[in-house]
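Below, subunit A partners subunit B and then partners subunit C, in two separate complexes.
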Partner chain A sequence: MARSSTSTSKDAQDLFRALWSAYSATPTNLKIIDLYVLFAIFTALLQVVYMALVGTFPFNSFLSGVLSCVGTAVLAVCLRIQVNKENKEFKDLAPERAFADFVLCNLVLHLVIMNFLG
Partner chain B sequence: MATTVVGAAFLLLLLLPFSISQPISDSHRSAASDLFNKISPSLEDAYEALRVFEILAIEKKPPVTTDTCHTVLENLGSSSSPLKDLFYALKVSGILKCDVDGAVLKKIASRLKATVHDASTLLDIYYSVGSLVLIKDQDSNVDVLLTDADEIFRSIKALSQSDGRWRYSSNNPESSTYAAGLALEALAGVISLASSEIDQSKQVSIVKNDIAKLFDRIEKYDDGAYYFDEKFVSGSEHQDSLSTTSSVVRGVTSFAAVTSGRINLPGDTILGLAKFFLGIGIPGDTKDFFNQVESLSFLESNRISIPLILSLPETVYSLTKKGQLKVKVNTVLGSAAPPLTVKLIRAFSTGAKDSAIIDSKELQYNQNGGFHFLDAFPKNVDVGTYVFVFEIVLHDSDSEKIYVAGGQIHVPIYVTGIIKVGSAEIAVLDSDLGNVETHKTLDLAGNDVVSLSANHLQKLRLSFELESPRGRLFKPHQAFLKLTHETKIEHIFLVGNTGKKFENVFDFLGLVEKLFYLSGRYEIELTVGDAVMENSFSRLLGHVELDLPEAPEKAARPPSPPVDPYSRYGPKAEINHIFRVPEKRPHQKLSLVFLGLILLPFIGFLVGLLRLGVNLKNFPGSTVPATFGFLFHLGLAAVLLLYVLFWLKLDLFTTLKTLGLLGAFTMFVGHRILSHLALTSSKLKSA
Partner chain C sequence: MAKLIFVVLLTLIPILCTSFSPEKPSDRRILVLLDDFAVKSSHSLFFKSLQSRGFDLEFKLADDPKIALQRYGQYLYDALVLFCPTIERFGGSIDAAAVLDFVDSGHDLIVGADNNASDLIREIATECGVDFDEDSAAMVVDHSGYAVSSTEGDHTLIASDDFIKSDVILGSKKIEAPVLFQGIGHSLNPSNSLVLKVLSASPTAFSANPKSKLTSPPSLIGSSISLVSVIQARNNARILISGSLSMFSNRFFRSDVQKAGSPTKHDKSGNEQFFTELSKWVLHERGHLKAVNVQHHKVGETNEPSIYRINDDLEYSVEIYEWSGTTWEPYVADDVQIQFYMMSPYVLKTLSNDSKGRYFTSFKVPDVYGVFQFKIEYERLGYTSLSLSKQIPVRPFRHNEYERFIPAAYPYYGAAFSMMAGFFVFSAVHLYNK
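Here is the complex of A and B:
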């Protein structure tokens, strides 16, 4: 049993190491987007924790704050999909065009968010 | 308590068919001084004021000025002044003793004599004859005697009707009682002015017959007051019953004064007329006041029969004070009566008319006070309301012809006294067995209060005894027990009696519904009151803490407390605007901590960027793309700043307008820089 548990943890470590090494091969620009997505999700999580602590009173503010983060994250994921060179589907799409879409969508999203913030 | 007695007495006076009139007293005199206080230009008003003051012997002179005599002389001097003005001018002059020249009076007398002959209306004759009589009284040198008195007598008599009333003129078919009074006065004047004896035996007896017929028309109130009423309404001026009666009294008494022999009118009628005038009280109108006082003065000294008025200074006799029951007998104007005795024929309780408590007792006379009194009440007289029957017996048989005293006079008398209240106790009993739980003795005369407690399974018993001064059962008009809850809801119960004992038992089990299931403190108040009870009381006995069961759902709600009627006019209740209660806000520190925590992912992001070795090497090196790149970032920053401003203060329209401009700019520069970058990267690829 003990042997199996150590082997399991070892397997897990091996697995993570393999994942990490595979991930290290990702281009830097994609890593930046990943980092950005993580930042947005963590910010959203913090807001959820805050809401759980003090209540939902300015509910629209909470919603707009969380949705702003989630929306940003989703848009960033979309950008990542379009920018990724491995994705043959978007081969013809220039990354600059994708970035321009990302910026425009963010601006529209935040206009709505600001309107909803109250 | 005094008000209760007066109120009850007043009520009884209204209900009982007899009343006691008081003769004219000082209250009339002071009322006259108040009433006749205005200077009136009319001589008629001035005469009325002067006459009232003269009759009532008021020291103070009425407000007539020296101008009044001037007006009198002016009226008398003018040959065209109306007869009515002449008449009143002479009357005023008679009282004020204005210095009228004899020659003027002679001139007027000859004018009046001529008028009397030609006059066709009753009023003209009345004023002319009246004026002539006045001249005769004021100046004996003027020849006022009528040579054709017989003829004038006939002309007046020609206007009389078969029912005793008179017409105002020969061409006016309407007959009037008021006119009858005027005609009788005029006839009296004619008789006194006659130069030779009128054929009295015949003419006068006819007029006396007319008077008797006129008195057949007299009307009667229930209290024995007689009066004349004018049925004739279509005439020029309608007279009310006071002035009509007054006119008849004036006419009849002056006619009686100048004729020999008696006019046979029943004494009761004359007394009834006196009662009518006295029953008016104190009139508020000068005309009514004059009519009342003048008529009473005629009745005071008339030749038919002079009414005597029996009055009582007070109709309440207190058994505790042991005072005297005083009776006064006066003439209508309050002068002393001839020697007489007042007899108390009978006295009976209003409840038992058949059993007399006093039988035939003679009242003693107090020479100094001028009143008759009953010194001691018999021992069997208890508190209550009684009717005393008095009779006036004149000593002199001659005065019996002159005076009329009326027969038996019924007077309501209130005998009051202190009621003994005893054996008062209050107890709380157990409902089923009747065991006494708490028992307290009360002193109802004192002020001590008791404090009790009971529940709905118990009973409250209150009992006391009432005893009249003679030791008999006394049943008061009011015996109430009032329970007042803290919430001001009141319950009133009648206290019944069995014999002397008054008892009320509250079975709370049966009363819970009536008490609206309201538990708590109830104040107990007992009210015992009666018009003849000198020690009527209404006092707080104490309080009882009641423990009642919860109200079932269907139970009646207690009524809302009565609204103070005066509160309608007071300030209105303040209006409290209800705002939305602000939501609970978190502690400020907590919010600030989380604001700091929000920065953590951002710092993590920046650290991550540094570890990834991000740089700005891709930023274009040449000037034009670099400018565009810079402007693009500036545009984005401006848009974000605009959003912040939108959140803070701008409205949507301003924001959208500015956003349109910024968006276009950013799009332009963004397109330039991004296409430049795309161009560079495609060059790199192809290379």
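Here is the complex of A and C:
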């Protein structure tokens, strides 16, 4: 039992190490996008915890705060899919075009958020 | 000459117009229908008490062919007294339907029936929710609650003191002496919720023919027998029905009374006080309410708004007066309630009063928008019913009336702005990394 448990944790370590070494090969610009997505998700989680502590009162503000984070994360993931060189689906789409779409969508998102923030 | 008569008539118009009006709700002109003009003198004390209170009595025989309740669609009288228990057909244009129409249009009625009351009087009573004993020879007999008397031995002369407990109907002064009654009993129609027993028979009474032997159980027994009943219709018309015409007579008014089994002998029966007070109620000298001057406004303002916003604080006031026979007196009660009503009452509050007739309260408009009503439904025993409703819409907050920059929301503001800042920083880094 103990043997198998140590071997399981060793397997997990091996797995994460393999995952990390594979991820290290990812181009830097995609890593930056991942960091940005993590930042957005973390902010969203912080707000949910805050809401659980102080109550739902300005519910529209809570919704707009969380949705701005979620929206940002979703848009960033979309950008990541489109600028990934290994993704053959978007090989005809210029990365500049993808970035322009991303900027436009963000403008619309933040316009809505500002209106709803109260 | 004709001109002179015309001018005299013209100056008389204000005097002739002293009839029932919402400002002066007491009746003024009363038509009294009699079987026989002898009743006019044998019941003169009752009529005198009415006349001394300012009523204008017109005596007619019930079969007089010239009697009419209305002329050119206008009622000539404000109240009708039927002291004609045996009449089978009224003279002139009056019939049972005409009498009931008279009541339906808000006028008052006093019916004095008797044993062997005619079908016509029974029909009028039945329409008012009072069913007289069907046996026309039946009288109310009470072998333990009779009035001690030297001449009568069949115990049909009853001394009753089982009054309705209502100061507004019978006056605030307690009627000490029992009331003498001799006549037919009636029962109240259970489906009629407006009819009230004012004087009921004792539990030992029953209704039967006193001259014949009792072969079957009497149909009316005990305190379910009503001797005198009143009805206040939904239009506030008031009706008094008595099973005995002799109750109103001078003989009964002046008679001494001693109830069987009771050691006290009263020099004077309670009849006079009973009918004086009861006729005051029936003829709207007491218990007639009016509500005026309904006001509502936001707290701190005086003008009545056309619309309220949810969660507004408002003040409501109304003035309620009772007619005393001559003037409107402030009505004081602590059970008047206001409803703020939309399909069901959202607010139900008891109004406070300042003992000068003004009722007021303040409350918060509920957090619901729609078309509401201020409602007062006031129905109390003996009083005319008050039913006020005033419609008022309630709107939600306007877009710019919501609270802004709430301290509790600053983390959310911060998150939204940090996402925007993050967007700029990310864009710069992303473009630099190309």
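The rule is simple: the second predicted complex is superposed on the first by the 118 of 118 C-alpha atoms of A that agree within 3 Å, B and C clash if a C-alpha of one lies under 4 Å from a C-alpha of the other, contacts with A are read in each partner's own complex, and residues count from 1 in each chain.
Following the convention adopted for this analysis, contacts are C-beta pairs under 8 Å (C-beta built on N, C-alpha and C of every residue); 3 or more make two chains touch, one makes a residue touch a chain.
Just so it is clear, the model here is predicted, and its values are computed rather than measured.
Is this a clash or a fit when subunit B and subunit C both end up on subunit A?
The answer is clash.
I'd like to know which partner A:115 touches here: subunit B for first, subunit C for second, both or neither.
A:115 contacts subunit B only, not subunit C.
Kindly classify A:53 by the partners it touches after superposition: subunit B alone (first), subunit C alone (second), both, or neither?
First partner only, subunit B.
Quick check on the superposed pair: does A:25 touch subunit B, subunit C, both, or neither? Answer first, second, both or neither.
After superposing on A, A:25 lies clear of both subunit B and subunit C.
Return first, second, both or neither, reflecting whether A:100 touches subunit B, subunit C, both chains, or no partner chain.
In the superposition, A:100 contacts subunit B only.
Looking at the overlay, does A:43 come into contact with subunit B only (first), subunit C only (second), both, or neither?
both
Who does A:61 touch here: subunit B (first), subunit C (second), both, or neither?
Only subunit C; A:61 stays clear of subunit B.
Stretches 57-65, 381-389 or 561-569 of subunit B: which one clashes with subunit C?
561-569
Find the residues of subunit A that appear in the contact set with subunit B and again in the contact set with subunit C.
Overlap of subunit B and subunit C footprints on subunit A: residues 28, 32, 36, 39-40, 43, 46-47, 50, 54-55, 57, 95, 99, 103, 110, 114, 117.
Quick check on the complex: what are the subunit B residues that touch subunit A?
Residues 583-586, 590-591, 594, 597-598, 600-602, 604-605, 608-609, 612-614, 636, 639-640, 643-644, 646-647, 652, 655, 659, 663, 670-671, 674-675, 677-678, 681-682.
In their complex, what parts of subunit C are in touch with subunit A?
Going by the criterion above, the answer is residues 402, 404, 406, 408-409, 411-413, 415-416, 418-420, 422-423, 426-427, 429-431, 433-434.
Would you tell me which residues of subunit A are touching subunit C in their complex?
On the subunit A side, the touching residues are 28-29, 32-33, 36, 39-40, 43-44, 46-47, 50, 54-55, 57-58, 61-62, 64-66, 68-69, 72, 76, 95, 99, 103, 106, 110, 113-114, 117-118.
Would you mind writing out the residues of subunit A in touch with subunit B in their complex?
Its residues touching subunit B are 28, 31-32, 35-36, 38-40, 42-43, 46-47, 49-50, 53-55, 57, 94-97, 99-100, 103, 107, 110-111, 114-115, 117.
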